[in-house]
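First the structure, then my questions, so here it is.
Chains: A, B, C, D and E, in written order; residue numbering restarts at 1 for each.
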Amino acid sequence: MTGPRPQNGPGRRPAGAGTVTLMRLAFLLCLILLWALAAATVPRGMIPSPAATVEAARRLLSEGRLQGALGQSLITYGTGLGAAILVGIPLGALMGMVRLFGRTVDVFVFALAATPRVAFIPLIIVLLGLGIEAKAMIVFLGAVMPIILNTYAGVQARDEELIEMARSTGASATRIQIHVVLPGALPFLVVGLRLGATIGLINTVVAELYTAVSGLGGLLALYGNTFRMAEYFVIVLALAAIGVIVTESLRLLEGRLSRWRLPGRP
Amino acid sequence: EPFRLIISDLETPLVPNSVVDLALANGYFERAGVEVELVRVQQTPMAMAALQAGEGEMANVSTDALLQMVARGTSDLRAVMSPNKSLPFLIAARPDITDPAQLEGRSFGIGRLGSLDHSLSAKVLAAKGVDMDRMDLVPLGQPAVRAQALLAGQVDATTMSIGTWSAMPDRDSVSILVGMDDYFAAAPVTTKVNVVTTQVLGSRRAEVEAVIEALVLASRDFQDPDLWVERMVVARPDVAREDLMVLAEAYRNSWSVDGGLTREELKVTTEWMYGTEDFQGLRPVRLEEWTDFGPLETVLRKLGPAEG
Amino acid sequence: MTHVRLEQVSLAFGQGTDRMPALERVSLSLRRNEVVVVLGPSGCGKTTLLRLVAGLLPPDEGRVSVDDRPPRPGADAAMVFQSFRLIPWKSARENVAFALPHLPRAEARARADAYLDLVGLSRFAKSWPAQLSGGMRQRLALARALAAEPGILLMDEPFASLDAQSRELMQIELMRLMERRPATVLFVTHSVDEALIMADRILLMSPRPGRVVEELEVPFPRPRWEGDIRALPLYAELRRHLWDRLRDMVLNDPGSDFHGRR
Amino acid sequence: MTGPRPQNGPGRRPAGAGTVTLMRLAFLLCLILLWALAAATVPRGMIPSPAATVEAARRLLSEGRLQGALGQSLITYGTGLGAAILVGIPLGALMGMVRLFGRTVDVFVFALAATPRVAFIPLIIVLLGLGIEAKAMIVFLGAVMPIILNTYAGVQARDEELIEMARSTGASATRIQIHVVLPGALPFLVVGLRLGATIGLINTVVAELYTAVSGLGGLLALYGNTFRMAEYFVIVLALAAIGVIVTESLRLLEGRLSRWRLPGRP
Amino acid sequence: MTHVRLEQVSLAFGQGTDRMPALERVSLSLRRNEVVVVLGPSGCGKTTLLRLVAGLLPPDEGRVSVDDRPPRPGADAAMVFQSFRLIPWKSARENVAFALPHLPRAEARARADAYLDLVGLSRFAKSWPAQLSGGMRQRLALARALAAEPGILLMDEPFASLDAQSRELMQIELMRLMERRPATVLFVTHSVDEALIMADRILLMSPRPGRVVEELEVPFPRPRWEGDIRALPLYAELRRHLWDRLRDMVLNDPGSDFHGRR
């Protein structure tokens, strides 16, 4: 660990965005090399070579298969994640603000969070069928947990002195929530959303495997069962890419809302 | 060190594949002079990975998966026998559907488009004069999920294994459209085989032969429905004796009394599989690339052909 | 004409064996538009007193009332907190406007700008608190409380971080404002001079547990910023008296942190 | 939402532990009633009645099956979660302290977090086999993500003024980490551990399904495939109970370390 | 004999068009064990100056040196921060002991207790910062800096939150301590009186951007706590002079927040 460096400094910029991009590319290159090495050594084509994977991606794209599956998956994912955000943030905030309510339900949330989502699948099929509702529900169940729990923790970690100040101005509970508590909980919210977004993506695949098979999850099953590992890797990489896009756009949002933390932090 | 046999049954199954568990429980392997340990995994892909990782010496896998791998360049796997070549499949439907013809325009649950159960069902239904393309096919993945969807009324009919069917609660509310016999008649293919790596075949050939011997002997014994039911009652106390007796009758001719591996059947199997969607564009494979009749022949020479 | 009244108010912090009384049987009443200054040693309960009047803290015993009703936070009083309590993610202007929830947006903004100007922060309206110096932060907290134009102003050492000249300027601005728009003011300070300049009445508080041990009318004419009241003989006399009382309390009261020091 | 109430108050206790227990019990009762209702209405025994579930639990316990499976699962779970904690906290802290390192690797962490764990299973089997190593690895991969990301966010949200103070006392980077940064990030760490613990538990089941079948996951698959729903529910409830025990013990830890946030917070 | 030296130091905050100079070409040098007081209007860069000397901030231009080397945070100086910066999850005693990383545990604890006693907080050694009043928190921050027994003491309005009597007591305790264990002191205050009592030399700073506009030797004999230097005619004269200079700067310097106010 290098020590923390001087900060809030006079016009000193943090490690430039350029350096970061460069380092990321270098790291990516290392990963690809490692992958190529693994492909060469692991027996019997369990790991396809990077070249074969690129070739497979080209093929899938030109056939239009990837796009179609991607579209299906994104609808499921977007619906489930959207619902998780709309439910998770207010619920977590409510749990944090109303202590008795929070303490009453939180164990049940923990219990639910610890229960494998597959365990609910029979129930979900009975209640919601096999369509988008059922799939979105599975995504929702996965994504909502980190969002609730992180919001809950963020609201609990609020600055009581600031809240007392806000009360002294006659601000309503809602105004205090919106202007003081939630902005203060922003770093928690962002991790919650990040985790929710990644878990939601994983659950999209699970949902597509366990209810009517479709989308990227369906392709994953197809290529996995028929041992087409290059195609399989293309799907895995596509999933990773979606995850990166969503989480990186959260970074932009966070950056905009955190300008008050002066630049120059290491 | 023990000879590890990888199977994808979580407990003694209700199909002829039960010989593996029964053989172990009843000392067949010991008598054949080999110490066997069962490694249970959930599905064929895991069994394949485990075999390749050296987590077992022999694995019971589906034939289409093996063919896929061989066609895609794997060269060191050999099928040496099949303890359960028959097809314990059936098509079940909601009670108001009693004839396959009624299925047109209805929803039908399959594993996935192009999967083995899909191709087989298409073939079976075609034999009954029903065109699967005129149904609303719903890919549902796992067999248990297909059954759940049927029970929940989310699909009108689906294929399932006899094992799944016999475990289903409230079976009376489901009608059987196509039974097991029809299945095997329509598609006489060997769906599951036991494979070993060529390396194991070289270094532990005697044990491979002993395992085959024990399984063949067990199959010959459990041909007798009464014996099978008697042993199954012990292995599966949760299943009613009457159900077991019905199953035993149904399996009467499905036991691998001669090892379950014949050139003709495998040839039919290969040809049939290459006609399905999953295999389109794949390089044809020769029998020698993925089977080795040597060990089985040795065993059969020693034991002689099955009686009756 | 009583605006704010405390009757036999007691309050302790902590639980069980840690429980320590902060205020003991404090009674006081403020007339409408009176400026009352509280003087007392460090840790004697001045801040606690202000929080009680603001309605931010309920008393353990006794009664606090504003216009004969329990105080409602925000409705009756505005407070300048000793530790400023600025919202870090709001600009200076937004911090002031936050205290004006009842005004329409544009009006709140205009009002905020007017009070930022009063405290000399016009140029920093868009700055975040982290970009301001200690004194500038305190002036921002001051602007926020003044902008609410409350009936009661509770000020907890509002000029402690200001240099002497800015402090004097702010004292004058505050007195001028109170002429234009009178309010009842409860003002905590550590400076005897500031107390004498600002107060209609001075309350002296004893150290732990806080009690009001003396009340003192300050009879200087207003406006006080014209002519130098410091030159009056009465000023020197009152100053001496307050100083001696406080000194005695800090050194000889067993509740004082510096009891027995010499 | 009820408004925040007066706090840091004079000897005023928050809603007592007794009230919370009572409310939890009431809530639990509601859930059980709902369950009984669902069991009675949902067709064909897809949901077992509470009574049948209790009966199944008794049977499984007397057979010793539950205990055996539980033991197997707990070993896998403990190993994987332990490793996730030992790796996740230092790695997250390092990413937060060394800006360039953090910004370089964080996208890759997001990408990994968004990739379904099942996708790695063939690879894991080839590299680690079917035993405890492979299982613990799957648990680790799931649990480590929320721990890394929450620690990362907690360290990034550090109070720069406190750190400047610490530097002014001559404290080393390690001392600053231990005394200032990590205690300040505690609320983040605790959510991270909570989420890690629950996801780890889910992944224990996944691991037991996808490598050599064993433990609670094995029982879940067995009873699910054979429609023994009462037994199935017993396993699901056992998993939920483990989740609650682990997350509640984290609450005790957090409570001890947060005494400086005076009592009386709502 | 120069201990601390700043040569033509400039520093600006912010980036691009927001960039605003805080200090401009500031030069000064402190002799070993000299007490130098900085006086200047709010926001003129006093805190920034202290951070530079502590080595917490590198200058944009110019050079800062302690014993002819760049300052190393913690090794040369201890600082009393204007906003206290206590560690909320450590007790008062632990907060002080945190500043003593080089001492063995038991010794650090003993030292912490000694300095807690000096600032009158013995009874609160186990309290958390949130349980202390504003003035008590400031005294805790003071104890932490003093306990390090540094060669250079950087004090940013260390007594601003104390009542007048406690403030006087603390001034005397500090001067006594400096007799026993001398150190170079750079002391920021807003009180002209405090400056005259504490200083060997006073630096006057102008508002934005901060420059040193005047240096003043303070020739009163030491120890100053015996006998009342305020009674000396020179005291009144210096006080008047400083007051007028500061007043002029606050009202007439275009960089001042109160430029043109009257």
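Note that a residue touches a chain if its C-beta (ideal position, glycine included) is under 8 Å from a C-beta of that chain, and two chains touch if they have at least 3 such contacts.
Bear in mind the structure is a predicted one, so any value in this text is a computation, not a measurement.
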{"item": "Smallest number of contact steps required from subunit B to reach subunit C", "value": "2"}
{"item": "Label of the chain whose CA centroid is most distant from the centroid of subunit C", "value": "B"}
{"item": "Most heavily contacting chain pair (counted by C-beta pairs in contact)", "value": "A-D"}
{"item": "Rounded Å distance between subunit D and subunit E, as computed from the means of their C-alpha atoms", "value": "49"}
{"item": "Centroid spacing, where centroids are CA-atom means, of subunit C and subunit E in whole angstrom", "value": "26"}
{"item": "Subunit E residues counted as touching two or more neighbouring chains", "value": "13-14, 56, 83, 131"}
{"item": "Numbers and ranges of subunit D residues touching at least 2 other chains", "value": "8, 43, 46, 122, 126, 164, 167, 172, 224, 229, 261"}
{"item": "For subunit B, residues contacting two or more additional chains", "value": "45, 49, 52, 148, 152"}
{"item": "Residues of subunit C that touch subunit E when the two form their complex", "value": "13-14, 39-43, 46-47, 82-83, 119-121, 123, 131-136, 139, 156-157, 160-167, 169, 190-192, 243, 246-247, 249-251, 256-258, 261"}
{"item": "Residues of subunit A touching subunit D in the complex", "value": "1-4, 7-8, 14-15, 19-20, 23-24, 27-28, 31, 42-43, 46-47, 93-94, 97-100, 103-105, 107-108, 110-119, 122-123, 126, 145-146, 149-150, 152-154, 156-157, 160, 163-164, 167, 172-174, 176-177, 187-188, 190-191, 194-195, 197-199, 201-202, 205-206, 220, 224, 232, 236, 239-244, 246-248, 261, 265-266"}
{"item": "Complex interface listing, subunit E residues touching subunit D", "value": "51, 54, 56, 72-75, 77-79, 81, 83, 85, 87-90, 98-99, 101-102, 128-131, 144, 148"}
{"item": "Contact set on subunit B toward subunit A in their complex", "value": "44-45, 48-49, 52, 65, 68-69, 72-74, 76, 111-115, 138-142, 145, 148-149, 152, 154-155, 278"}
{"item": "Residues on subunit A engaged by subunit C in the complex (per definition of touch)", "value": "8, 161-162, 164-172, 175, 179-180, 183-184, 257-262"}
